[in-house]
Amino acid sequence: MWAFLHRFASPPHFYRRAGAIAPWLGWICLGLMAAGLYGGLVVAPPDYQQGESYRIIFVHVPSAWMSMFVYVVMAGASAIALIWRIKLAEVIAIESAPVGASFTFLALVTGSLWGKPMWGTYWVWDARLTSELILLFLYFGVMGLYAAIEDRRTAGRAAGLFAIVGVVNIPIIHYSVEWWHTLHQGPTVTKLSAPSIHVSMLVPLLLMAVSFKLFYVTVLLHRARCGVLERGRNAGWVRSLLARTEPE
Amino acid sequence: MNAFIAIVRRDLLLAMRHRAEAANPLLFFVIVVALVPLGLNPRRETLELIAPGVFWIGALLATLLSLERMFRSDFDDGSLELMLISPQPLPLIVLAKILAHWLVTGLPLVLAAPPIALLLGLPTSSLAVLLTTLVLGTPTLSAVGAIGVALTVGLRRGGMLLSLLVLPLYIPVLIFAASAVSAADGLPVTGQLYLLGALAVLSFTLAPLAAAAALRISVS
Amino acid sequence: MPQTELHRDRNPLLEAVDLSCSRGHRTLFENLALQVSGGEVVQILGANGSGKTTLLRVLCGLQPPAAGSLRWRGRDMSPGAPEVYAEVQFIGHAGGVKLDLTPRENLDVAIALGGRPTGTTVATALARLGIGKFGRRPVRTLSAGQRQRVALARLLTCASLLWVLDEPFTALDADGVSIVDAMLYEHIRAGGAAIITSHHPVALGRVTPRPVSIDAGA
Amino acid sequence: MNAFIAIVRRDLLLAMRHRAEAANPLLFFVIVVALVPLGLNPRRETLELIAPGVFWIGALLATLLSLERMFRSDFDDGSLELMLISPQPLPLIVLAKILAHWLVTGLPLVLAAPPIALLLGLPTSSLAVLLTTLVLGTPTLSAVGAIGVALTVGLRRGGMLLSLLVLPLYIPVLIFAASAVSAADGLPVTGQLYLLGALAVLSFTLAPLAAAAALRISVS
Amino acid sequence: MPQTELHRDRNPLLEAVDLSCSRGHRTLFENLALQVSGGEVVQILGANGSGKTTLLRVLCGLQPPAAGSLRWRGRDMSPGAPEVYAEVQFIGHAGGVKLDLTPRENLDVAIALGGRPTGTTVATALARLGIGKFGRRPVRTLSAGQRQRVALARLLTCASLLWVLDEPFTALDADGVSIVDAMLYEHIRAGGAAIITSHHPVALGRVTPRPVSIDAGA
């Protein structure tokens, strides 16, 4: 297991494997997303209270989940990179940040678009919304720190450390609706016992959630391949790779 | 332990020498709080309503501005390098610096709060809660801030980045504290106070470790 | 080739194997081998910008090398290991002296941080460096050479085997140079070692440093 | 004239290099303005009421914090000495530095004001007045501030003294400006605006002379 | 006693009469008489803390003397008089170099401030000091010696009669020292003068500086 991990984490191996897997994941992601959107926008009935506007849920909820998931992945990868000094983990952490920031941004935008019909305002300073905004700033912090430090190795380690520190925000986001009285919806889908949501809405929602996850993995693999190349600029395998492609 | 005391002593001594500069956060705090009635020109009821928030915003900004001092000058004159290659455990040294920073920055804010609160017309019932939030909250600000400064001290252009890194981590403290104070007359506030206390304990145990690691990274 | 007639330890204190250092994206030097044993002074030579300061920082563990390894008494030196640092003193371009403290206060802190104190008191150390009567004035009001002496006084109050000094003679007058010379002599006499850089020919009276050049190609 | 342009160019260039640090006052301003709703948790009407004051307090604090930058780093690295012994007239050089400071600090505040005002729910009628006060008022802040910095740059511990010297001079600007903005919907405001304009002209003519004299004194 | 065989102006450029300087409450030296004429290099000698830096600052008008007077070309020199400053260049312990600008940008500003430019372009000046290829990197990323060279390059781009240099050889390697030596030689050859301090014996190849000691009692 350990040996396998180490082999997989070796940059040239990762570069090849990722290149092979990524397109497949991309296609699956597209398929699921199409099915999810069809189910959500066409099949599912309008909500008896909210009419059609609730359909934004199919983008809002998956992107909100992903915004948190990506952060956890990023922090985990950073911890691995700092402790075991695995370069690939550092690449994964750093390359996750912009993707996660995009998901966060999407969750914020769709949320506040949804808030207008639901709460009568685009924005309130309640705990869920504020902590999600903080998440966006944390992503910016990671990216900013990485960009500001000139030495790449130092930059990666510093940004990783900051990502780990910021992880405290994740439980705050999740439990904010329970700890404070907020305008925001309490847990509806994620209640373990019985989701208080109809199956015709639940299924497309889950489809969208899975496809968002695949989207992340696909994009991450692509970005990480570039990152690995860039970081290994002087390594032998990159040179030979470039030498092979250059004549074309 | 010896080193711990020596560092705290040293930083307090430096603050004494720079008395005027060390008083800066307090002065800044007072300015913020004093400018509010001047600039906002509010009615008395409004003033009472916003006073707790003004307090905490002032405290937060004052701390934010004083953070750089924690490591910057040590970095510039090479003292930080001496700490890094000292045989003493680095987290201990960092803890000493956090403590000294709080003694110089946070404590004066706590002490200055009562008279200012009276001036702003905060009801005495809220005052006790305000003081408790300050006592519990300002150490967290110093501790969390240490991580941010440690990460950016190697950068010349760290100023803005520091705010970007530290503020998101400060906002929970601000929210808990301000909501506790404004809830003070009537609603129960123990929940928020416990949370503030928990944050303080958490940050004082973890921040020295994180900041020490950050220093090693950013001084290299 | 031994250039001092002093007793020299057989086992090197500090050993650098295949060391490469870089700054930004540029490699400064590659595959440097360096051994420093008790009883010797090594002088790093190189033109401006050749990487002397960088090398010293790497040797102290302040900066990781781009490649290669460092050994302390034969064991791999991991950055942050306190047992090594108790034996090393570094004085860089920036002396690590707080301008707003007095020389005495500066040294007190250095002793608390530095681990094993030598027998030398702060007052004795300052007197030895010729700044005894400035002990209670803020360093800010001292001249360039006096400040440098405050930094150097640390070497006397904290016991350590290896001194790493980046241009220690900067701003010192002739008298100051001879004091440092004598300090170095006593240090290696007692089995210690030192790595220094200096552009001026180091004609230390009683010690001849072993030159190590890091200029491109060396 | 050549020297004037060269200094402005240099300071702008330095601000560009330190982009993050130069953006600091703006960021600080945005933070102040954003923290207000977080910490005060006010109703919408209250927010509207206090918005102009919050703006001006933010602008004033942001300027106050950025003042030191005007001469401090030049003092530390010896560039200031070069300016003092330059054959160019010193007030001209100081004027260039004031202008550069405003371009880096004041102008961004002016530009950032409209979007932030909308977020805070300031009525559009007040917005025009707010902008005018900012355009007229912030140059005064930079110019007057220059005198304070020039007087304190030689002192290590200038920070607090600087605030003490400069703030009393800032408060008139704050009061005129804030009262103009809150009077904006209805009452006439030209009086306040003329006064602000007069202050700006006055400070831009006299401050360079005063600051130049102060520099000669405090560098010796 | 003329120590260079160059043409020397009869009338002194700068003349200090009965000069006393103090720092804080302490008087550093009293009744110093100093004359500097075109075509000579004066080296101020004195132990650490004797007041060399203070003297140079007083001579440039950066600090008023405690007593005594200064004359420039025979006329009383009032601090702040631009016509004097156009002829004097000062390089102190702090080089006056902005670390965040590139060497080129630094020199451009210096030229704009400094009055009369010489014919020498910025690029030529940097090349002359051996840092031509660092012209576009922020000074912050240069080594100690390279920074010093940036400060010294100013001497070549701004025309001036009197150079006042506080320890100009700090951090320079042998090559750097010989460059400055040659610069000094050309400067006095063209009728200029220089006042320098240095603790190391200044064995400038072609110029022998006239020593002036300010040590207590001198």
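We call the chains A, B, C, D and E, going by the order they appear; numbering starts again at 1 in every chain.
The working rule: a contact is a pair of C-beta atoms (placed from the backbone, for glycine too) under 8 Å apart; a residue touches a chain by one contact, two chains touch by 3 or more.
Please read all numbers here as calculations on a predicted model, not as lab measurements.
The chain with its C-alpha centre at the largest distance from the centre of chain D is C. Contact count check for A-B and D-E (C-beta pairs in contact): higher for D-E. Distances from each chain's CA mean to the overall CA mean are smallest for chain B. Compared with chain B, the chain whose C-alpha mean position is the greatest distance off is E.
For this pair, chain B with chain C, the centres built from the Cα atoms lie 37 Å apart.
We define each chain's centre as the mean of its Cα atoms; on that basis chain A and chain D are separated by 41 Å. Inter-chain centre distance (chain B to chain D, centres taken as mean C-alpha positions): 26 Å. Contact of a single residue of chain A with at least two other chains is seen at positions 130, 148, 151. Contacts with at least two other chains are made by residues 17-18, 155-158, 161, 164, 167, 171, 175, 220 of chain B. Among all residues of chain C, those that touch two or more other chains are 24, 64, 93, 99-100. Remark: chain B residues 2-3, 5-7, 10, 13-14, 17-18, 73, 76-79, 81-90, 93, 216, 219-220 touch chain C in the complex. Those residues of chain E that touch chain D in the complex are listed here as 60-64, 79-80, 82-83, 85-86, 88, 90, 92-101, 105, 108-110, 112-115, 138. Residue ranges on chain E touching chain C, taken from their complex, read 23-24, 46-49, 51, 53, 93, 130, 141-146, 149, 167, 170-177, 199-200. Within the complex formed with chain D, the residues of chain B that make contact are 17-21, 23-24, 27-28, 31-32, 35-36, 38-42, 46, 49-50, 52-54, 56-57, 60-61, 65, 155-161, 163-164, 167, 171, 174-175, 178-179, 182.
Considering their complex, residues 82, 127, 130-131, 134, 137-138, 140-141, 144-145, 148-149, 151, 154, 157-158, 161-162, 164-166, 168-169, 172 of chain A touch chain B.
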